[in-house]
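This structure is in structure tokens; I'll ask about it shortly.
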Amino acid sequence: MTSPLSEAARNALLGVSTATLTTQLFKRGLRNVFVQGARPLNPNGPPMVGPAYTLRYIPAREDLDTLDVFADRTHPQRKAVEDVPAGSVLVMDCRGDASVASAGGILLTRMMVRGVAGVVSDGGLRDSPEIARLPFPAYCRGGSAPVNLIKHHAADLNVPIGCGGVPVFPGDIMVGDGEGVVVIPAAIAEEVAHDAAAQDVFETFVMERVRAGQQTFGLYPPNEETKQAFAAWKAKGK
Amino acid sequence: MTSPLSEAARNALLGVSTATLTTQLFKRGLRNVFVQGARPLNPNGPPMVGPAYTLRYIPAREDLDTLDVFADRTHPQRKAVEDVPAGSVLVMDCRGDASVASAGGILLTRMMVRGVAGVVSDGGLRDSPEIARLPFPAYCRGGSAPVNLIKHHAADLNVPIGCGGVPVFPGDIMVGDGEGVVVIPAAIAEEVAHDAAAQDVFETFVMERVRAGQQTFGLYPPNEETKQAFAAWKAKGK
Amino acid sequence: MTSPLSEAARNALLGVSTATLTTQLFKRGLRNVFVQGARPLNPNGPPMVGPAYTLRYIPAREDLDTLDVFADRTHPQRKAVEDVPAGSVLVMDCRGDASVASAGGILLTRMMVRGVAGVVSDGGLRDSPEIARLPFPAYCRGGSAPVNLIKHHAADLNVPIGCGGVPVFPGDIMVGDGEGVVVIPAAIAEEVAHDAAAQDVFETFVMERVRAGQQTFGLYPPNEETKQAFAAWKAKGK
Amino acid sequence: MTSPLSEAARNALLGVSTATLTTQLFKRGLRNVFVQGARPLNPNGPPMVGPAYTLRYIPAREDLDTLDVFADRTHPQRKAVEDVPAGSVLVMDCRGDASVASAGGILLTRMMVRGVAGVVSDGGLRDSPEIARLPFPAYCRGGSAPVNLIKHHAADLNVPIGCGGVPVFPGDIMVGDGEGVVVIPAAIAEEVAHDAAAQDVFETFVMERVRAGQQTFGLYPPNEETKQAFAAWKAKGK
Amino acid sequence: MTSPLSEAARNALLGVSTATLTTQLFKRGLRNVFVQGARPLNPNGPPMVGPAYTLRYIPAREDLDTLDVFADRTHPQRKAVEDVPAGSVLVMDCRGDASVASAGGILLTRMMVRGVAGVVSDGGLRDSPEIARLPFPAYCRGGSAPVNLIKHHAADLNVPIGCGGVPVFPGDIMVGDGEGVVVIPAAIAEEVAHDAAAQDVFETFVMERVRAGQQTFGLYPPNEETKQAFAAWKAKGK
Amino acid sequence: MTSPLSEAARNALLGVSTATLTTQLFKRGLRNVFVQGARPLNPNGPPMVGPAYTLRYIPAREDLDTLDVFADRTHPQRKAVEDVPAGSVLVMDCRGDASVASAGGILLTRMMVRGVAGVVSDGGLRDSPEIARLPFPAYCRGGSAPVNLIKHHAADLNVPIGCGGVPVFPGDIMVGDGEGVVVIPAAIAEEVAHDAAAQDVFETFVMERVRAGQQTFGLYPPNEETKQAFAAWKAKGK
């Protein structure tokens, strides 16, 4: 869909915070980029970076959403688990309804084994205690035991969706840290990665000064004097 | 998509209440059929029956959703207004967000002129005082002035959607009265129309008896004696 | 349960507003007396006064809540319709869930015919357009077509309940006007009725003065001068 | 605070819809201008235009918010009623909590008599059936009988507030119609009034054409041909 | 009320997940069995199994709900703490309101000492940091310091209730794990326990295969080949 | 503003739970004192005691709330960070909106270095994983990456505000533990601290007895026998 993210950009994004990314996107006029309500099941797990592969749920219908649908290889949820490319992030639109699950421990383990970069849902995930122990980024509104068929009908794959109130187009870059998930439009992911990494270096400098007792006025945001100090600090190899 | 509704079924559905329809659908195992939150802007307007033609919105993105998109003939909302067949109902998935509009007075008037059967949205409609005076069924969460672009990106047409928490597949039969809107799966619309009309005749009889002072036990639901009295009442030509 | 409301108190309550009653109850330390979310289906209908007869719903269970339960004379909802005393108000605890109905047109008509004083629900009522035309006070969160069994299991009758976030004990006096419903504890209903009527007379005087251009300072609440003017106004037979 | 609105701008704003105003403000980068949840108590009442005079409520405290505070001439709510200038709109920040009132019939009548332009609250108003009969614009989340002291402590007057999720600075121009209320920043009110009136003329032309059967493509938004037809239509004196 | 759960069933339930149980109940037509919003205060604590003993709260009334009620041995909350049988689970209906507590550290410790199996509330629990350190299953919407009397009036014991949107009848089997709580109707608890344990064995086999790299198609749900492999795996003593 | 809290009272408050404080305040007629929804980012961090210094946000406006405002020394948020006195608590009114941040890691570190006692917000905090590792009390609705300007306009400092639904006047004593935050009106903080400490000693005695197997009737609340036993226990030096 779009040219893939460069390795440099991917590495940069693995190191920056979602907070920094929202600032970079705000500078570009994008205010609605943080997946509301999606928390990491394991806040101390690895960060997540990868292009979005989407799964869209609509409300379930009792006659269509029965347990036997899972035997069908074309069922969108089951197909997604095997088809989402390694390195991509499965993003699920559950209309924010976390009263049931959108996936569970077996499917997430399968995706982890396949090299998928992570999972984001604005619904629930079942087997959450087990998922919280996997070295695999999984974001959702919370653990929720009930089988997804009770509320969700898997409608289609890789169409534009909403997730946690944010638009997600297939190929958009999903970045997750211990706070949550940011969606970066594919077309600007490279430049945002670059500028976010630069912002993070500056904020490391700021934090050093703040810890040393400097006040924030003139420092954050920087005045000319601070800009020079920062340049010197960087030149010293920090 | 499915064989069209017979004229007899359509007429039957124009005469029954959404309350009766939910009972018929409950008998068939369908519990989630009433579009939650969608009220008629004109409660005294005409009833609505027609197959669903769907428009799906996802959350807006500031760089994509600008006023000039409306000049594009392929923009899904504008295309929907001209393409929804006469006799059909335009059903819009706004994720239940009524903080902005999903359409307004000019577009609804155009659809009315084109012979569209009605409009259902789980978001807002702007120009609501004006729409409330049209002889055209329009259901939504309430009047809402802001332009739809502020929150909604028109994503695609005639795919399965959720509306007011209910699954809506293109071709499903939408029925609206002064209370709200029910969605009947296309495949069972004929039989539901038939049985609902029969139920309504019985309830007319029940209401006559209740107004005359009869108690509800044995009457509603009917015991054998009531069934015979109802048969006699019907035989008398009501 | 408690000694019945005197005819004088009942008549007084028919003439005062729910706004006035909340002030009287606030003076007595009761802050939570207005049934939140319950609106009259017919805002221009008659006012409502009567002791509470309660019906408690809990969430439905699919195996228990099937259409055939209505044939059972002991089913609490159906029993309530025939057992609620004339002059009383049927108050239903729906846990604030208006996604389905708690009763409909036939049952409300039966209660109207029986001389019941009114119905209050913190859920929905079906056949709402029809109910809105009855000369019968009916308060709810809104019209809602789906049959009550989908979400509500009728549990028991005449136990203390919550309705719209307010405690309602059987026998408490329910008063409804075009704004909503207030619950007066049975033990203080007589004195509240008396004081509310007196407050209303004073506010009629205040409104006359306000319409004539008097400022509110010193008038509302009254200073000594206003109290004397009010005494004179009353003495003149107004 | 700011130069007052010109009479021409005021008249223009009395004639345009809130829908049109949100489009004009969206063009200027302002997306959050419609007071969410505030409905007119009398949808058929007069439109409203005037600068904002604000009253800020914070949550009540039982020891501070007792009935005797109303006797104090410095109590912000009571002071507001007498101090809001004729022609201005009283805007109340209730934190969106409509479980109690923010004002009632006597105070609104006083303001109407004083020539105040209207009242906007993101809470409730008590005596709503009475207010709905006044020829006075009153917008709120709904009728709510309980006295304001139960939840609201009047904190101060004429500071910037939020109302229905929208920022309101004293002097901003509040415009209300049958749909709701829009807030126009004072500095751009003149130009917005002018452009909105022009937009409304164009939409009147569009509606004429739509009623006559013209399709919306090329018409709304207009292509060159439509622009010329509109110029001719205007030249003909319509 | 019902014959007690067998020791075998109890042990089976201690070992299965709530996710598995919702699937078993979904197979039996029960979709609403997971107590929404109730989380374990100590996610790493012991699992919970036991029949429900219920406590019903309605909204508080200021004149009835004062601190001295706790001295009364018949006060339902205090009576519950001493009367809930060892091995049972105290289930509290707080109408989902967690703005205050439903119980606290002292009462939970007393129940733990008495051998009660656990506590489930759809409200808050106070002293939550202390409770989180007890080897005692406690589920609620979150820690909440305020005394229960502020919002909750203890109405009665061991009647059917709703908890987290789910119907709970006294004697129903409550099962809790690190994800949340499932309610099993008493009449089917034995068979559900048996089938859930069997499902868990199969899912252990599936997880082994998934970890080893097998794809999910044909495995989960199983085709004939997988069923044979599972039979062989079980025969080998796993 | 008010006479500062005595060192004895401050120490007492550092040792009592917020649960105990709500009971003491309930005894004094104050029911709404617990900041709803505010959780500690580090539940195992230090307790918090200090007078409130307030920051009020209203909804943002796109033309006013741009990144360059932070360079202005009078910007209320930035000014607050440098001006909140050591020993005080910064309390932020975000109208309960946690979809964006109200502050982040750098500003909180600066306040920690300055000796501020803690931070309370009814919105979000960004950099939450980093803040959770600081030895600094920080309470909010949850981690939220987006920059505050997207939703919040910093309006003013040290005015009365609402926070989590609770009134907070500058100088009120904020107390936080692992459960949440309680607001004590400044005028009664000394006596509440004293009585809460006494209550805590008694509850320590009660907990000892409960752990030893004593039933709660007669113990909690205490009868005469228990009061004597408690007096003896205290006399023994505990």
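As written, the chain order gives the labels A, B, C, D, E and F, with residue 1 at the start of each chain.
Methods note: a contact is a pair of C-beta atoms (placed from the backbone, for glycine too) under 8 Å apart; a residue touches a chain by one contact, two chains touch by 3 or more.
Please read all numbers here as calculations on a predicted model, not as lab measurements.
Chemist: If each hop has to land on a touching chain, what is the smallest number of hops from subunit C to subunit F?
Modeler: Minimum number of steps from subunit C to subunit F: 2.
Chemist: What chains do subunit D and subunit E have as common neighbours?
Modeler: C, F
Chemist: What is the chain whose Cα centroid lies farthest from the Cα centroid of subunit B?
Modeler: It is F whose centre lies farthest from that of subunit B.
Chemist: Looking only at residue numbers at the subunit A/subunit E interface, is the share used by both copies over half or under half? Answer same or different.
Modeler: Mostly different residues form this interface, as fewer than half of the numbers used are common to both chains.
Chemist: In terms of CA centroid distance, which chain is the most far removed from subunit E?
Modeler: D
Chemist: At what distance in angstrom does the C-alpha mean of subunit C lie from that of subunit A?
Modeler: That pair's centroid distance is 50 Å.
Chemist: From the mean C-alpha coordinate of subunit E to that of subunit F, what's the distance rounded to whole Å?
Modeler: Subunit E and subunit F have C-alpha centres separated by 32 Å.
Chemist: Can you list the residues of subunit C that touch 2 or more other chains?
Modeler: Correct list: 31, 165.
Chemist: How do the chains pair up in terms of touching? List each pair.
Modeler: Chains touch in the following pairs: A-B, A-E, A-F, B-C, B-D, C-D, C-E, D-F, E-F.
Chemist: Could you pull out which subunit C residues touch subunit D in their complex?
Modeler: 17-19, 21-23, 26-27, 31, 33-34, 36, 39, 43, 165, 177-180, 182, 203, 206-207, 210-211, 213, 215-217, 220-221, 223
Chemist: Which residues of subunit E touch subunit F in their complex?
Modeler: Touching subunit F: residues 67-68, 70-71, 73, 78, 81-82, 99-101, 104-107, 109-110, 113, 126-129, 142-147, 149-150 of subunit E.
Chemist: Can you tell me which positions in subunit D touch subunit F when the two form their complex?
Modeler: It comes out as residues 28-32, 58-63, 95, 153, 155-156, 159-162, 165-167, 185.
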